[in-house]
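What follows is a pair of complexes built around chain A, which joins chain B in one and chain C in the other.
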Partner chain A sequence: MSNEDILAGLGEIVEEVAGVPAADVTADKSFTDDLDIDSLSMVEIAVQAEDKFGVKIPDDELANLKTVQDAVSYIERNKA
Partner chain B sequence: MSASITLPEHPAATRIAGLGHFRPERVVTNDELAKTIDTNDEWIRTRVGIAERHFAAESDTVASMGAAAGRLAIADAGLTSADIDLVIVATCTLPTPIPHAATKVASLLDIQAPGAFDINAACAGFCYGLSTASALIRAGEARNVLLVGSEKLTDWIDPADRANAIIFADGAAAVVVTGAETAEIGPVAWGCAIDHTETIYIKDRESFIYQEGQTVFRWATSAIAPVAIEAARRAGVELSDIDVFASHQANLRIVESIAKKLIAAGASPDITIAKDIVTTGNTSSASIPIALDRMRQAGEVRSGDLVLAVGFGAGLTFGSQVFRCP
Partner chain C sequence: MTDHDVVVTGIGATTPLGGTAPETWQALLDGVNGVTANTEPWVEKFDLPVRIKAALKVEPTEVIPRVEARRLDRCQQVALVAAREAWADAGSPEIDPERLGVVVGTGIGGALTLLGQDDLLETEGLRKVAVLTIPMLMPNGPAAAVGLWAKARGGVHAPVSACASGAEGIAWAWRMIRDGDIDVAIAGGAEACITSLPVAGFSQMRAMSTRNDDPATASRPFDVDRDGFILGEGAGMMILERRDHAVARGAQIYGTLAGVGMSNDAYHITAPEPNGEGQTRAVEKAIRSAGLTAADVGHVNAHATSTPVGDVGEANMIKRAIGDHTVVTANKSMTGHLLGASGAVEGIATLLAVKHGIIPGTKNVFNLDPAIEVDVATENREVNLTAALNDSFGFGGHNVALLFTKD
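Presenting the complex of A and B:
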């Protein structure tokens, strides 16, 4: 799975959980500041990303995923 | 050595015959809480979905609120106190462990010498109690059980704790469970998460409720929908047959997340979803029957509707079953 695929998959999850259009979920965006996603939605996004990409995203790691690129890189490094 | 022990006659199945609830008089808005805590109406509505909740008066107790709800449930069942032979109170907020609440509820309702005990399965208490009541009737150990969920959570909340003071509230609800020819209460799907025993707790008698919010939220939004789906499977009904989803009112976002998963798994997109937390807050073991009775009063739920209930909370403990609304 390429980074583009991960980004696209993440975009679908963000759209479903937070109602942000998937097209707006680009690498440089900050989840909190640009996409207006709060910590509880981030947990839901993490749970769905775990299922979709076969990764574990514990709460302490989740706290470090500030931007969409952070999440894509983390999933890329840790996916099954 | 020749005498044999005889077991009682017993009905094949059970049903809920009556339902009632009690919310304390005092309504506490988000704006009122924001006068003393660093919070605001919009933050509370967005994070937990609560607009207002009810706080008990000094004179309201777990037993008195439970009795008020119980009186209504017994009348709703068309019965009297004389018909009740077992009282079970699900609660986790007694001010002291003894005496337990069930005997006091029985005393307040003038129920003469019933079996009486409390159970503590925290916010899963109603579903655990319903299973217990149903099983005892099917075993012939009781005929008409008054099952009460009653909580005075404000006794165990630090009013300055901005995480928990906005969520928890007080109230009670009760059902009367009785025998039936055909099953109107399904088997329970229950369990607990033994790796999460220390995520919601009261440390000691000088302390208040503490919870690791993010861990609990993650658990509730991922582990609970499968429990509800399993309860429907055990009852032999399709998710598409369910009329009402009555989740424990923990947090509106948790309720909506679980409901979304149930719909994705086959429940109707038009299923009625209990969202009573908006004006009742989180009342732990009382939240499911309070929600159901208020929806029934509002005409959103009708007698005979198939309800899928799921309770979950401290322990972490969970329980779920399908039943017909009385």
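Presenting the complex of A and C:
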């Protein structure tokens, strides 16, 4: 799975959970500042990402995923 | 305490009869039946004795955007649908948020979330439990969802008094305005709990109709063969407003909420006090607080759920507390029982009856119970009304009466 695939998959999850169009979920965006996603929605996004990409995202790791690129990189490093 | 008149400047509802208040009112006048067979798989699974329900005519997810809807329990969704309709109907007034309040009652709250998430915890484990489980199940959820949407900073409250909750929401909002706390309130009730455990629980109480072979005539308030209520879902909301505030902004006025009365039986956790003394106290308080007399009350929109004991006790109370001149009707013959939303939806019907001078007839009265000694309208009745009363009663001994007058 390429970084582009992970990015596209994340976009689908963010659109499903928060209603942000998937096309707006680009690598440079901050989840909270740019995409207006609250902490509870981030937990939901993380749970869905775990299922979709076969990764574990513990809470202390989730706290470090500030931007979409952070999440893509984390998933890339940890995916099954 | 100040002495401000409280008028109704907007209405909203979503019910088994329609997705809006005007559609619900028209369906009441047309005698439309809202009760259908319940073919959910859990009915078969648990072999439930009750196989009928009064489900919403319009799914809230057809009205509320998807992303917003998925963060809300169904009881919060219906509350928002009705509140937005009522607010728009009132002209979406620009007001100081600190002068706006919300009082939305519910009987049970987010039962579908509570039970559904418990199932998920059992079958799928912690990870699958929704992060918004708690705010979706809490009984102040409908009030909070409406308050957040409306930016109501003058106070958001959630009376919980079983089937009196919706009426109590309106009653407390009236008090807040009369006390001078706020100028405008969004008030009413919401309920959406048609699922296995509530049906099982009410069935075990023998409170529900089992006329499964004939859903259309199952809800028979005041009929000699009535055998219980039909579980329904929905919401009703009113915009209540201090009269001078409404007049100053040129708002439409449906009528006046002239008085309210609340009391408790303190007799039994579910059974109404047999002599109706608690109910009478609520009705008399409502009439007294409006500065009227029983002779002025030309119409009673009864709680009348179609249970054998409840309907006759209420009719006796109406006869004694108001008299045999008043015309009585039971909307639940068409809507089923919306529990914590019923008082709000029936309050709207009472208000519109006064405004339009027409009382929707009670359906399914094939043989009026001879023990019912009040004038039950079984066809639509055109009556020139100056005042009409809506009463609601809830498990826990709660009694609430709302008195509306023509503007």
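To be clear about the criterion, the second predicted complex is superposed on the first by the 80 of 80 C-alpha atoms of A that agree within 3 Å, B and C clash if a C-alpha of one lies under 4 Å from a C-alpha of the other, contacts with A are read in each partner's own complex, and residues count from 1 in each chain.
Basically, a residue touches a chain if its C-beta (ideal position, glycine included) is under 8 Å from a C-beta of that chain, and two chains touch if they have at least 3 such contacts.
Source: prediction; values computed, not measured.
In the superposed pair of complexes, A:V25 makes contact with neither chain B nor chain C. Once the two complexes are laid over each other on the shared chain, residue contacts for A:I6 go to neither chain B nor chain C.
In the superposed pair of complexes, A:I75 makes contact with neither chain B nor chain C. Legend: residue contacts after superposition of the two complexes on their common chain; A:V47 is shown touching both chain B and chain C. Looking at the shared chain after the overlay, A:I37 reaches neither chain B nor chain C. In the superposition on chain A, contact of A:V14 is made with neither chain B nor chain C. Shared-chain residue A:D59: touches chain B; no touch with chain C.
According to the touch criterion, the shared surface of chain A, contacted by chain B in one complex and chain C in the other, consists of residues 40, 43-44, 47.
Contact residues of chain A toward chain C in the complex are 17-19, 40-41, 43-44, 47, 50. Residue ranges of chain B in contact with chain A, taken from their complex: 46-47, 214-215, 217-218, 221-222, 253, 257.
Touching chain B in their complex are the following residues of chain A: 38-40, 43-44, 46-47, 59. Chain C contributes residues 65-68, 70, 127-128, 130-132 to its touches with chain A in the complex.
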